[in-house]
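The structures considered in this document are given below.
Consider the two complexes below, in which chain A is the common component and chain B and chain C are the respective partners.
Moving on, here comes the complex of A and B:
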């Protein structure tokens, strides 16, 4: 089950965070997302050691916590997408696919002329779209 | 699958935007209208660069990003690539478009058309005011594309200043100076 998705801006400023649990755990999730930023930094600055394809947007599994796994994706414009999932096993292909859809949804959201670049994303349709993408991935991984 | 936009509508919209800013909102304050138009371009550039870099690996150096602007970005906007790219390898790039879409409707003024000399000598006495007007109108139309380039590059992590030169219509060159 996907616990949370987040968008982090160029200056590591949080742009968007959506939790898919029923609990009131935003603070904890913010903390996990915040920790993942260091891992992203490390990956990007030492691409050789981490063994990912150089300059690919998808960064793979960033780090596992006790109960969650954190995946990352870094766009060309230095915007980070974070996925926190409670599933023990997520295939890379699924995660990649998820982030691709996520990215397209993000681009649509920031192309809104009333959106100010660098400010939090408040669009409800973005949040709705994300929910459907998340549900979609959820149905793949549970099958 | 990208959505399509009518070319003539965009041309008309831009002409109208420039004329609104220059002749209605900020009459006699060309530098303010220029700033406003550039700012619109800047935001458009940010949004477009976000869209056109989806599914691309990240750029590792400035030249790659500039090449992206010259090729893919320009093709998406104008269905053609930049015709000529020059650089001094010290952070200055000159992008030349031999037939810049948004200037194709600019009339080269009557005096310049009848006597070729006035185009080469823009300061000959009788054509000075005409040429000055033409030059100003042209340069107003160039703030928008300059803003687009600046927005796209700064969103890709390259802060820069962009200026344009269209002394040779309808060719146009954009000068990008990357801030160290």
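Moving on, here comes the complex of A and C:
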């Protein structure tokens, strides 16, 4: 089950964070997302050591916490997508697929002429779209 | 990293200090008593000399090894009663004391700014982590000392100490060594009771003559052996104490005993004698003894265990044992078992720093223990292997694997192994840190923290966070996160000062853009804890930053506000906060409305642009600079012209409009919102400014407030602002004296406890509706010259229809009231649409329909001059010259409204009047009125009819 998705801006400022749990755990998710930025920085600065391809936007599993796994994705504009999932096993292909859809939705959202680049994404349609992507992925992984 | 760095690392220092031979002290009560005279126990007395640094002892552990030299060596002196596993409560309380002491020591000012990030980054390792961490770690490791599964804590030698005052000292030596007197581990076969013995006759020079002592000493030498006996004289000092600088005990004692009492009878000679004793003990006895034992054991082990044949045999023999028995407590190994002997061999080799030999034996042993499933012993051996590999600085991977195996094995043991796991983890983390693998070290510390109670966990987490800071590149976010975790644990274990300290350090990271959720949480908790420690000012400072948290959910907003108000309540006084954001006041919405010579009939008239009025009044009012024709003229009217600001009248309200916004989703109760004004007396005309102008009444001052209330009338506003609502507030100030008035800001009370101030920003250019055409800075717009009250007319036109039809003609009554006691005269009027609104003659008022339709007779025409207005050029109408309005009176005048085409019209009317008999700064005023009328298309028939009427009326007007 996907717990949370987040969009982080160039300056490592949160642009968007959506939780898919019923609980009130925003603070925890913020902390997890915030910490994962360290790992992204590390991955990006030493691409060889962490073994990711140079042109690959998908950063793979960033780090596992006690109950979650955190995946990362870096766009060309240095905007980061973060996925927190509670599934014990996620196939890389699924995560990759998810991020690709996520990216498309993000591009749509920032192409909105009323969106100010670098500011928080407030679009409800973006949020709705993400929810549907998350629901789709959920159904794939559970099958 | 080369071995140089390893030997310099804190872990190797620690190992050289802590994994050293234990010397057990057995002494008679009288001997102990002799030491007590100096406020020292026997152990304490010996402790400062336990490190012998300038020795040169050649060591040759095995025959096929090259001899090497030990240059420094440390002994651990332990009293016999302490040779046992320490009580867990003692350890816990000692650890708590370390932490509490540290929290008292770290003096920081909660008011000061939290540490800056770049400062933290530039700090070196030793600066970042406070020294009490190592003390804490050491104490935590000692929780598992004198365990049966490892032998480096087993005493290597024992000092048997008898006082010269004892009766039958010779027999005392024997008594002390009798088995049943020895500590339990030695009795029960866990530790080897056969050890190196050294006999000391402690001679207290104050008690006995030297002769007696030397007599006993001679006897000792005869019976116990020359080399094994020694005479130690203490308390030879008679009068003065050793100079403090040279006193090696001071630093070891804590404050309970007065410093001058420590070692007060010990002379320099005594001191040197003790030093000599310890040095001889280590270099001449213990090291050779251990060396010898290593050789013997090594031979034994080689004979039975090394070589292929022995290994096969061993394997066979091991298999024969019931391997089903899961022997976790390892009670089957006594000191005399082969395994224990190999362990002793390994540990001795480690202590004598022959790590190669140690490793080979530990390796041998670990397979044995593994086969026996003696997991605790296995873990202990793995641990030592890891440390030996570290000290050799070979194969990093192996040493890590060893320590990790040890750590995990200890953890698997459950409660019996958890303390060992902690110690092992600490060593592991230290090892990683020494190799610059801070990130991995942090992971290990984090794992330890999961196993420990909250206080220990907090210290571990804090250490982990510093590891992240020191890792390359620094992982700041993890650093901050672990600080927050640590702070949380500190809070659980009621170490709030530490909690605040860690949270504050974390703040510097979360300040970076956007992470307001976390930032709020951190600030909120700091605030709460500071309040708990009754540091209210600092607490409020932290809380203020988070009050305006529109991004937080409703419950959090509620919590923040509630806690904030609670803290304020606990402070016991009203809190005054400038720039309180609850509710926030929008500077751009600020409007100031006041009346100088321009007065307004309605609020809609106020909001009309000044330009429209000015063009309307163009020919009616005297030009602004008309009074002073050139600069040579002496200024008759000094103050108002000299004063560039706004002018207001005594007794006339200045209205300030602004918008307040509730940024939260919860409703706020705001009470007694009023303007914050300063009024100072007007300087006298002669220009003596000095006396009164400087006198500014600050409304915040209670004393001045009462004074001011006589001079100012302030309106107060109470309201409840629902969540997210924007509300326009109108506040009035009515000056009651002449002088300078400055509107500084607004103050209000939030929820009855918090007094908020908002100062209107000085620099902001603002759109003051009433501002003169010159753009002025806000400051000027907010200051007023208050002059003596003037007559003011109020006027209105009765029965003005909102909507009407085109071609409509109707009479209207225009009324002017003078509510002041002065008389006004010389009234003029301008109307923006003179074709629509036409002043009639005063007689028209009495007309009644349909009489008015009759033809006028000539007699009425005579009076027309007096009763109608003069239309003198353009749009200007002058009231009859005789028309005056005395104080308290009013005047009515007929108007005709005649609409033409259908449209929306704003009719501007400005009335000019002059004062009579008043010597004043202003000699005229204007009254501005605005009416908006919507004219609708009407049907033709009606239109035709009204045209007829219009014709009739217009004939007698023109």
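To be clear about the criterion, the second predicted complex is superposed on the first by the 143 of 143 C-alpha atoms of A that agree within 3 Å, B and C clash if a C-alpha of one lies under 4 Å from a C-alpha of the other, contacts with A are read in each partner's own complex, and residues count from 1 in each chain.
The definition used in the following text is that a contact is a pair of C-beta atoms (placed from the backbone, for glycine too) under 8 Å apart; a residue touches a chain by one contact, two chains touch by 3 or more.
Owing to the predicted nature of the structure, the values given are computational and were not obtained by experimental measurement.
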*Mind working out whether A:24 is in touch with chain B, chain C, both or neither, as first, second, both or neither?*
second
*Considering only touches as defined above, state whether A:135 meets chain B (first), chain C (second), both or neither.*
neither
*Considering only the touch criterion stated at the top, classify A:35 as touching first (chain B), second (chain C), both, or neither.*
second
*Contacts of A:92 with chain B and chain C, given as first, second, both or neither*: neither
*Is A:77 in contact with chain B, with chain C, with both, or with neither (first, second, both, neither)?*
first
*Touching partner for A:11 - first (chain B), second (chain C), both, neither*: second
*Partner chain C, residues of chain A touching it in the complex*: 9, 11-15, 24, 26-27, 30-31, 34-35, 37-38, 41-42, 45, 120
_Under the stated contact criterion, what part of chain C meets chain A in this complex?_
468, 473, 475-478, 480-481, 484, 510, 512-515, 517-518, 521, 553, 555
*What residues of chain A sit close enough to touch chain B in their complex?*
10, 53-57, 74-79, 100, 103-104, 106-107, 110-111, 113, 117
*Tell me, which parts of chain B touch chain A in their complex?*
43, 46-47, 49-51, 53-60, 155-157
